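Each chain carries a letter (A, B, C, D and E) given by its place in the written order, and its residues are counted from 1.
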């Protein structure tokens, strides 16, 4: 199947390549840049898509938390390989440990009535500490830095990477498309969702584990900073602008894509690291959104014209 | 080539271009290419450690547009591994030059020999051993010959000459270590100097055995260093130029050690060194050798003309 | 089949039960008013009936199924006490919130124009049409409460479970709301209502449950007025200013 | 000096004002009841008076000072509408929460036995002594509301500001609470009260303010009953079930 | 003044040294271990002390967020030095940037009505991205790795480090001792605190900036993982056990100190990195606390004996 997907990647590349030739855009003529743009655009859709549901459950920092547990995951994989002489892929152990961590975050929140951020902090600390300790007691075996398993970079996305990301992308888009209503309900009002017959726990856990998959998978391809930031920053910006939830979701994707395109172009021009520049552009867009939101709230106030009782007849 | 309209470097009078991912091999490569049309460039900016650095798109572009990419083999520089994948994926015609090809690596704890030796990891820092470094020069030479056959004779001449210099380095090291009574060296650095230890039969004691997490000093690392210093009456230690100075300062504060002096596994270079056009051999002679003279007790820091580096910043 | 049925239902957040040994049957079409002093376990009882809490002993059945396993959400509309302000900053509009009442009917399918219409009607019923595009977070207390009532109405459920639904709703609207409730009940809906205003309960409900941890009275409103259950219930709890002392 | 004084007070969360051109004076010892439909700006007005919101135009003065600059917290006791459930899991006990009412008196000093006694008395007054060591998060809705009332009482403030304080409090206790309020008022306290039950307000308050964005009536309860203000206020707002149509 | 404080450190060391000699405890005879224990005990008091107020304002992950901005701070310092040829200490720029970031977290929360975790995520992302970009565009100038400025380690605490930490410790203890009531009020109920005449904004900002000082100062001495975890994990454990807020605060300190002592000892025995082991021990203690809390809640239920109306006469 991965072959078929590489086909998609190849098609995309020839499209952009043709584009580059037709309009003489230097940046687009390189294969690696074509792939960078592809995965950038994908993360610009799927991160806000899932991030919207995370942010409103106060899980904005879950990307960061899971990234730290992925560090533990790599260490666990290397440790197991060293001690038991097995050949577990550290990439795999990173994903598995992060998924377990995501589950733990949910379970701790469920069982101890704490705020989500406390369970994230506990899981993050545990993961990070576990990784550090494993590395320190097994010093000899871990020949090379753990980091190499952890962080990718937009400047070096391989075809295989891009294909993997497309799969993740399809998965996230499909899940949100199918379960959109359920996710909104569960996010907005857990109790009511429970009464409405939804298995709230199950949805929460599924979301968390999907997040683990996206965060760890994507950070290995394009770096943790980009993934973790894209989960939150465009969503926060969109919440300042949009009036409805659906509007916010769409706006967050638009803002994210804008950041990706502007960011990649600027990074190429200024020879800076693309992930970082995209995030800074996203933050700038966020600041703009806040200002626009504030301005609009005080001025052209379309909705509340119909608000006061007197104008009732004009409403709806 | 998958690169649309890429000017792959052959145009005009400029010759083929080679880029290197690591300072030492950039230096070797430019020595070999000296006087030939082959241009050599270092990708990692001065001051940065070879691993733990992320390239931006311009670096990937440089690699793709270059005719050869000199790298240190798999799993040492993650970004280089990924760049190689990119080169392959883009069908770029960049020749990949693995300097580690055919070199036998030692196990990480070969010289430590204590009960900690687990796993089958190899130590990647082979270029610290001049003999093994010579082999990497050969690898580069062969690749460059393929790159520009017209310059074959010049390339081989350069390589032979440089191999001679490396032999000199080897002899100089040998002399230093032969002259020493002490067979142990305490370093406040990560475990990068075992090749010197194995070659010249001296025990290298890095503060941290772990190649990766040099930030993480354990309490026992400190006790072990302290014991070693006291047992062997050590007064000077080596400290890595591109690593945190904190452990060295701590050993200074806690033990009879009087000063630390610089050692470098050639992972990065300081700006001054670039300005003075120092290469591998210059650094070996001006940084590492005097330090080993001092820490082994052959010479005082004054005699080794190394005072400037006492407890360096 | 009874809508609600419990057998020796007992539950405590800690070792001490706050709902004890409740045996209760609510038939289809009944309008059960629940009264009792603060902390007497009314909200807890509703949560047990809805399967939101797991009983310590005994059992609660909803439409014949175990309450905790019941997942036929479209049959129930629920307005919780003092609705969460947690998700406050979520940019959900009143319209979207009310439309959620339709979700159990829709499942994984698409929302139809019919669903939208029903949500619109529910909004109109509670007099919130003009605020349909306002974020829920930007409503006054009473407006928010109305929104949740509308969501429960939009669900077109067979069973309406209301935990002090008119808290913070202004007096005139409260009266209108109880009119509506009476209409719905007449129309055949089963209603469970917690309400502190005993007068309203006696007037509207077909059955009254008075509790303070245990059930003190369960029967018709007329019998309730005659009984001593109310005095009993409140007598067992300290009064503001110690009026009972 | 008047306790509260406003001049052309206007405020809107958006460009449309929800409180407009309010000129209001509350003298020391007054008991002002505020009525109005949901969303008429009552809570917003109180927040403006307390300096929690900055007016768009006009001004609000509290004990003669600008409301937003006023920081003599010990003179005010406040019970907000639908008290936040945000800090819910904080392990604050009822006793500690009520003691907070004493903090403005204590400043950076130490809490004395006297402060503790006053907190204990306030707890007793609202009938919550037996739950003093319970976490606030583990209370029923009405119990929590009582805790906040006790905190305001413990403050021994000159001005008591209550935004629907008895919401969710059971009927008997509500009656007792209003008795208490009358006592406090007699004792000389100034009271600002939002309450949907017009009957209670008319009976208890010394002055009534009826508003819907603008002030529709401000005067004695007797005059209020005669006036058309109430009908006016509610008439301007959509009713539940469109009763007004 | 720092001399006087080094005197305190020296006195502590001779005390432990005497102790080591008297009881033959090997671990205590080393100067660096004596200092490790000293700073460990200090962080075990001051982190939960300030962490309690953070956790209940849903700022559990602020330690992690500020650590990432400290990264930006170091990069900014190095960048400025390189470009303008100045001699700004990267330690200083790290603290300053982190303090600004802490302020920003508060200001974003105030101005945009978002949950605290969203403002933390935005600040974290911005800081991290800024650091990465600065490093990448000025690669040559940043002579030495950023990491060495960022992370210390319990095994390498110098006398100067220990003295600095004692100063931080005294500062935190003093602030909490003086403003305890105000902080509790502000944390529990912002609105009521405002009405009670407290300058809520000012308290919140002060807490955030103190946190920045502690996190960045302490992480340079003993590592970020230890500091960030100690802000949260013992607090979460204590919340499961204690009945009152004061009790929770004290319990969190006790649990933290327990973790420090057990952790340092175990790390020494098993030759592992001390920070990581302390955190793992703290997590284990947390799990224990959750279990004990759950057990106690269901069983010996002293409070609720007096709860039901019937037993009213026995109450208070």
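Here is the rule we use: a contact is a pair of C-beta atoms (placed from the backbone, for glycine too) under 8 Å apart; a residue touches a chain by one contact, two chains touch by 3 or more.
The model shown is predicted, which means the values in this text are computed figures rather than measured ones.
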Chain hops separating chain D from chain C, counting only touching neighbours: 1
Greatest separation from chain D - chain, by CA centre: B
For chain B paired with chain C, centre-to-centre distance based on mean C-alpha positions, whole Å: 74
Centre-to-centre distance between chain B and chain A (centres being mean Cα positions), rounded to whole Å: 38
Geometric centre distance via CA averages, chain E-chain D, whole Å: 39
Contacts with two or more other chains, residues of chain E listed in rising order: 114-115, 132, 136, 239, 271-273, 276, 303-304, 307, 312
For chain B, residues contacting two or more additional chains: 52, 54, 56, 216, 218
Shared interface positions of chain D, touching two or more other chains: 13, 37, 84, 89, 129-131, 237-238
All pairs of touching chains, each written as two labels joined by a dash: A-B, A-C, A-D, A-E, B-E, C-D, C-E, D-E
Touching residues on chain D, where the partner in the complex is chain A: 12-16, 18, 37, 89, 137, 212-213, 236-238
For the chain A and chain E complex, residues of the former touching the latter: 55, 58-61, 63-65, 111-112, 114-118, 120-122, 124-126, 128-133, 135-137, 225, 228-229, 231-233, 236, 239-240, 270-273, 275-277, 279-280, 282-283, 286, 290, 293-294
Touch list for chain A against partner chain B, complex: 17, 20-21, 29-33, 35-36, 81-83, 132, 135-136, 138-148, 151-160, 223, 267-268, 271-274
Chain D-touching residues of chain E, taken from the complex the two chains share: 56-57, 178-179, 181-182, 184-185, 187-189, 191-192, 194-199, 239, 242-248, 303-304, 306-307, 311-312, 315-316
Chain D contact footprint on chain A (complex, rising order): 113-115, 297-301, 303-305, 307-310, 312
